[in-house]
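Two complexes come next, and they have one chain in common, chain A, joined by chain B in the first and chain C in the second.
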Partner chain A sequence: MDRKCLLVIGAGVLIRLVLFTAFPSLPTILAQRVEISTPVTSYKRLQEGIYLYTHGVSPYDGGVFHQAPLLLSLFSILPPSTIVTNLLYVLADIFSAISLVQIASSGVPTVTPHHVSPRKANSWPPWAIAAAFLFNPFTIATCIARPTIVFTNTIILHAIAAAVNGRRGPAFVSIAMATYLSLYPILLLPPLLFLTYDSLKPISKPSIQAFSAISVIMLSVVLMVYFKLSHLITGSWEFIASTYGVHLLLPDLTPNVGLWWYFFIEMFDSFRAFFLCLFQLHLLIYVPSVCLRLRKQPLFALITLIGICSIFKSYPAIGDTGLYLSLLMLYNHTFPLMRYTFFLAAAILYATFLGPAFYYLWVYAGSGNANFFYAITLVWSIFNALIVADAIYAVLRDEHETERPELIGKDVVQI
Partner chain B sequence: MALRVPVNLRKNLSVVLYAFQGLSIVAVIVGLASLLLLPLDEYSRRTYISENALLPGQVHAYFGGSEQNIVRAFRREVDLLGNSTSDVVAERMAEIFRSAGLKVAKQRYSYKAAGGEYTGENVYAVLHAPRGDATEAIVLCAPWRNIDHLLNEGGVALTLALSRYFKRWSLWSKDIIFLISSDARAGPQAWVDAYHDLHGENIQSLSVKSGAIQGVVVVDYPGAYHRFESLHIIYDGINGQLPNLDLINTAVQISRDQMGLRTDLQEMWNHNDGYRHRLKTMLRGMVNQALGHSTGPHSSFIPYHIDAITLATHGDGWHDEGSLGRTVESVFRSLNNLLEHFHQSFFFYLLMAPKRFVSIGTYLPSAMLLAVGLTLTAIRLWVDPRSRSVGGDGGEVAKAEKTSEKEDLKSGKEGSGKVEVVAVDSGPKRELFLPMSIVIGVHFCGAIPFAVFNLVDYKSMASVFYVFIAGSVILPTLISVLITLTAAPHRLLPAFHLSRCFSLLFLGMFLSTLATLNFSLSFLIGLFSLPLTFARTTPKSIPLALVNSILLQLTSPFAALFAVAGYWGLGVEDILKEASFGWWVWGMWTPVIVWCVWWPAWVVGRISVDSSLVMAVMGKSG
Partner chain C sequence: MPLFFTRGHQWLSFSPLQAFSRLVTFLILLTLADNAVADTYKEKLDLQPLSGQFLLASFNFQSHGPIEAFNKQMFQLFPRSLGQILQYTHTRELHLRFALGRWDSELWGAQPGDGQNAGGTGVETWAWVEADNDVEAEARWTSLNNALSGLFCASLNFIDSTRTIRPVMSFNPTGDYPTTNTSRLFLLHGSLPKEPVCTENLTPFLKLLPCKGKSGISTLLDGHKLFDASFQSMSIDVRPICSPNTGTCDIEIQQTVDMVLDISRSLQRRDSPVPRPRDQHELICDTSKPYASNEYCYPMDNSIDLPWSLSDLFGRTISGGCPFAVHNPAEEIPHVCIHAPESKLNTMETGEFAVSALAEGQRDLQCYMLRENVPFDISFPKQQPPISPLRQEPLLYAERSFTGHGQEHGGVKTVLRNPNPNDAIDVVYLESLPWFMKPYLHTFKARLLPAQNPEEDVISELYYRPALDRKRGTQLEAKLTVPPNSVVILTYDFEKAVLRYTEYPPDANRGFDVASAIITIPPQRRRSDGKQITTTSIRTTSLLLSLPTPDFSMPYNVIIFTSTIMALAFGSIFNLLVRRFVAVDEVQRMDLKAKIRGLIPRLKKGKTE
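Up next is the complex of A and B:
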């Protein structure tokens, strides 16, 4: 943490505080955007849950609230003032930025035990990575709208920061927390295992099997503790079905930037179960392949899985994409190898502007329909997927050039 | 990838560059040409009623006979109240409505904009549907003074007479609201805002309400003389939104086929249905849509997804209030038939004659092609090698990297004794920071004129505007001087090149988004922005730079503002006042688009043109 990092973090905090105070209606407006708040993260629904909880009713009655019980206890012990809540969210973003600085200064993005990037010297300094996260419009909008995904992102980043420094305790406790909050981070477990294992000191290194077994057991124990705590808080096991069940079974078809809602609106009920399994398994199949192919750079495997989740999970939001894009900046040194940077950036910008316009035409002006918005979420997802693919291409090319220096600068033909 | 491109395309850039340049020119030409083709019979369509439930003109209209005497009596009543204050008028109108047995309420409102205050009092009456459940309503509205500030004698008298007349029928299935707004611009906005509980603090809430409004017909029938020649149908809403085409078709079909009344659109009084008249009607419609202002009391309803039109009388002919009354009655019978909200026909269309239109599928490509032309130019500028700065610190071309210290950690694939040297060819790079900050900074500056023109008083509007013109003529030159002085010479050209690239990319993106919301505004801005695609930094050729500079000056937002002012024969300050009024009262977005999208793009264009002069003067030609 040098002066530049502190400066960047200070500026990031300032922007958020200014936005919170100068435009008091902005959080409410943004919190209503379907691109930012999903049924499983929305701040409005969280308030509903807190209200029910503090009045002695089960927060999951009524089917509006789908978030983890520990969030309820966190927000119910906080003083009920907007300023404190806003500060909590700003604080979460500060922690995220600090974790990113730690990840960047560990050097893991360029140097792993199995791979040293020849473009090591071109990587960005930690403060630039923090700036890319803190000044990313997606991250800022997400922080201002206050969905609980902000906390999940912070915890994931903390887990990665702990992993790259070989601190496996904090890493697995954090990933357990992230899983507890929003289920899908469990998919990040295998690359996180590799990442932590690679970062352990060579002296005290157990075998990978023993290490994985211990870590998985630790994760399960911590998760059990969280579940038991939740059980104590809410007094029943209802929360499992109302939180993870919602992630898995998609009962709420509110539009979002993902691909699921429209598909499952259109689906005949008899096929629903089949396609639910298919969509969930689809997410799962990436995990082994990505981990194996990118075994030399487990951090990149992890980032890629975050990117894939941000496209294909059941309730994605731009907060997920913001996390992926910020983490991708760690691999800035491979960007010259990417083939479509400008094109992809332009397409993402287009989708960012056309999305709200089409949503407006559909919901407010009434002159469009659901297909308008779905078309733009398709475009959004396709170009996010292309970014993921192009980044993988660049990193693999970088690896390849380490092994075969004579091929540098040669064209590659894909057949 | 399915598409196999020749491998060396990446190397052989000139092919790509020429292809993109050609494509963007073709896109612009095709875009413009396709707009001019629209009025032809092959590209436009005859209008048709899409919603079968409307059944326009299928019922006999009975308004007439002795009802006309009642209209004339009310006309006298209105005439007597002509110069009274709005509360006296509202009280008298309320009395008349009450005597007809209707539920009456009044609403005061007051708006502040451009240093002026706009106050008045609306009065309205609700006729509860004998066969309905008060979940749906239709509105008959007559402004006390119409949009030209003329006393709307006939319109108000007709509304009063129709309220008595409609009360006698038992067939209504929707509530009917009779609204007399005290003016044509602020009054309806205050009323419709309050109807949906979205009104500001100086506007009274409505004490009586009915169901969701399905349709609105405004009657504009000014003057003491009661004969007229034709019916002018006005349909443009705020921000270029339009009512459903079925409503216009219904009104046209009823007045032409059932009542024998000629209908006009867009003040085209002698429409011969030829190419030129169709084109002119379409272009007038586009100008109104692009400006996004209110063209009558109906405009305020349209943003609430309420389909509304104004029926205004025009000229001196043989039709009287009986014909107009029967037309309104028949339109209301059709609206009464609606089973659900208007949804069948088109919401995006351009009308070119009362019975001829083009729908969005046909016309959208032309605006999109202009935006695509800008985007293609941006992509071409990006791939152009001139966007990379050569020389200077680009010398770290071959970086040797010894990996021997990590050898012991490797899995032993390579021979452990061998020292691996990897060279990385980074090549000349694009410097993104300076151009990005120019473009983003200028876009943020757009908030300044927007804020200033919305806050300034009407009296000082003109002087502030001229100061602002002078400022924005000098600003780009100043910025380019500043950059030329501070940046290293070899970075200058790429920086201006890339700032143009980003600015065109943003403009293309904004315009294609805008094309889906307000086609005409997007098309007109795209048209004015065409010089931005070729006006570039030319330090080697001063005459070209001067020509470009003049061209940019002629297509600036100010030039457009003067053109609009000239089109209506008003002063620039009146247009700015209208814009400010529009922002505060109607929620009109046109000023935002002009100052925060178009103006910044123009400033960046000027920066890159001016920099050629500045660089030539300073001898830093890159």
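Up next is the complex of A and C:
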């Protein structure tokens, strides 16, 4: 942690504090944006849950609150002041930035036991990665709107930071926590296993099978502990259906930047269950293939899965995309190999600006219909998917050039 | 053939038994006829002119019968169709309301009967069902609603779990239950604010009456007139009543119709069925206006009371009394009463009906008895200046409206005003919201105007049951106190859910109706004058909630577009993952020409084979 990192983090904190204090109504406005807050992360719904919980009504016996019970107890312990809450969110972002600095400092993005990038000299310094996270408008907007996805992101980053440093315990406790908070991080388990395994000191390395088995058992035990704690807090198991059932079954069709909501609004009733299964399996199918193909760089496999989840999970928000884009900066040295950088950046900007405009036209002005916003979510999703694909291309090309340095700068094709 | 013979034989052999059973039935009926007092029936029409050219007509039909006969399915005046439904579903007390229009309490004052007979817009029903447990009560409630739906030609069968609530503080049984364990009685309440109440609900309503609308005051109830009124409400209440002295129990069915007629509109309908503007000479102009001249007229309202008669307003006269109500030797109860000074009434054909004795207590109340087969009419001559009608100040004014704009978030604001300068009033506020309207309870606030010092919470108790998507609606019940001469404003925010496209009604952009809030004023004693207030109900208007709508023509397009995007993403990622890189000059690239050239010999070969 050098002075530049501290400076960057200080500036990031300052921006957030200024936004919180200079525009007191901004958090409320942003918290109501569908692009930032989803039914499973919204701060307003969290407040409702806390209110019901502190007044003796089970928040899980209702259709509004779908967040994990430990969050509920965390916020009910906190003093009910907005300043404290805001500081908590700023603190979460600081931790995320520190984790990113740790990941960048470890050098894992460029050097792994199986692969050394020929472009490792071009990678960004840790402070730049932290800056890319802290000054990313998606991250800032997410922090100001205070959805609970901020905590999930912090914990995922902490898990990665622990994994690249070979600290197995913290990594799996954290990924269990992230899974507990928002379910989909369970998909990150296989690449995290590889990442931790690769980072272990070679002296006392167990076999990968034994390592995986122990880690999975540890993760399940920790998850069980979280569930039992939640059970103690709420006094019943109904939180499981209300929290994870919503991720899986999509009863709340509030618009978001993802592909699910409009699809399941328009879906015929008889096919609803089939397509729900299909959409969930679609996410699952990327995990083995990405892990196998990117075995040499498990960190990149993990980042790719984060990117895929941020597009195809049931309630995505721009906070997920912000996390992916910040993590992608770790592979900055491969960006010259990407093919459509300008095109993709322009398309993301296009969707970012037109999304809110089209949503306004549909919901407030009444001069557009739902297809307007739907079209923008399609654009957003496809170009995010193309970013993921293009980044995979660049990293694979980088790997390929390690194997065959004579092909640097030459045209290649895939067969 | 043998079969036929056997059947015939059986009939013959059983015939003495059947004859005997008929005899027994006849004897039972005979004994019942001896106790002819078993069922009593009374009916009453109350006419009350309201300010602003309106007339309130309250019809009340009431019959009593011993509950033992009811339980043995021996119905005299109690309608058999309804009685059997109630017995089958173990319903001990039933309240059913059909209402249209809004009671304008600013103009008309307190509602008749303390609002006990009024319902929210559309259909509202609540009942105490006897059952062992909640599940059984729910099942009986469903079958009750299905049966009533058929009986009244109303969509009561749509009262499912999402529209059913179990009020905790708002309703209390009005009947007596000396023998029933009250823990076995389940209160269920449902409302259908969208239901259009119309003639097809009135016809079954009249069929329940002993005279079926053929004689008595019910002859005035004509669908064209009733549903043309500014406000109308029909109610049916069934409850057991026990006498504290003798311990005998009766079952009571009370049917009421309250309607507020716009006199000038009714008269205009009679004079010209096709609406057209009034001629200039018919207009009464306000000449005090500076621009008043022969060309410009500022019409003046309420300068005279228009002349009317029952036949003008209802299109017909009362065709004599209902025999069941006329032959009531026990007490002389007038059938028709009008709140107006006698001197103002035209007595041309009312002389022989008048009951002067009863009117003594109240100076401005004229009452009449109906005779069988003798038509009856009242006429009310033109009054100038108009008689100022008696307007009773309501205990509470209540209004509810939506706040906010857009189809994403919204708010509800309810204004409760206590006009009494001396006494605070306790009220119970009940809301039943559909599941797709998701309120945030943490935003539920009560504000007091004028603000009191020190600030005290007006809400003393709160009962909240949150909605579950597609399973259950929200139930919100709050007990609060409205201080004298002040206003309590209740506000909360809510979120509008987006529904599946099959869940929208055909007219999706019209919006969804949200049932009226029910404000109950429990019985209490006024602190200043010690006067006892009986239970009073007030209902706000229903609300129209507009939700964001998807494009209903798009299901196939959306499925295709979304699937394409997913396939594209899947394809481009897996394309990269499963193929390997090679340099361009390492692969034999075949151009199109070479490909075709390679294809020709193969095709030729195939031909020769």
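A few points about this structure:
Rule of thumb we're sticking to: the second predicted complex is superposed on the first by the 412 of 415 C-alpha atoms of A that agree within 3 Å, B and C clash if a C-alpha of one lies under 4 Å from a C-alpha of the other, contacts with A are read in each partner's own complex, and residues count from 1 in each chain.
One rule holds in what follows: contacts are C-beta pairs under 8 Å (C-beta built on N, C-alpha and C of every residue); 3 or more make two chains touch, one makes a residue touch a chain.
Quick caveat, the model's predicted, so the values are computed rather than measured.
In the superposition on chain A, contact of A:Y364 is made with both chain B and chain C. In the overlay built on the shared chain, the residue A:Y51 is in contact with chain C alone; chain B does not reach it. In the superposition on chain A, contact is made by A:Y374 with chain C only, not with chain B. In the superposition on chain A, no contact is made by A:L229 with either chain B or chain C. Of the two partner chains placed around the shared chain by superposition, chain B is the only one that A:H114 touches, whereas chain C remains out of contact. Of the two partner chains placed by superposition, only chain C is touched by A:I311; chain B is not. In the superposition on chain A, A:F353 makes contact with chain B only, not with chain C.
Within the superposed three-chain arrangement, the count of touched residues of chain A is higher for C, of the candidates chain B and chain C. In the superposition on chain A, the residues of chain A touched by chain B in one structure and by chain C in the other are 364, 366, 411, 413-414.
Interface residues of chain A, counted against chain B in their complex, comprise 111, 113-114, 116, 118-122, 336, 342-343, 346, 349-350, 353-354, 357-358, 360-361, 364-368, 401-403, 405, 408-409, 411, 413-414. By the touch criterion given at the top, residues 1, 7-8, 10, 241, 303, 305, 341, 343, 347-348, 375, 378-379, 382-383, 396, 399, 401, 403, 406, 409-411, 413-414, 420-426, 505-506, 509-510, 512-513, 516-517 of chain B touch chain A in their complex. Across the interface of their complex, chain A is touched by residues 405-409, 435, 438, 440-442, 462, 464-470, 495, 497-502, 548-551, 554-555, 558-559, 561-562, 565-566, 568-570, 572-584, 587 of chain C.
Against chain C, in their complex, chain A makes its touches with residues 32, 34, 44, 47-48, 50-52, 55, 57, 59, 61-64, 251-255, 259, 261-269, 282, 286, 289-290, 293, 308, 311-312, 362-364, 366, 369-371, 374, 378, 381-382, 385-386, 388-389, 392-393, 396-397, 400, 407, 410-415.
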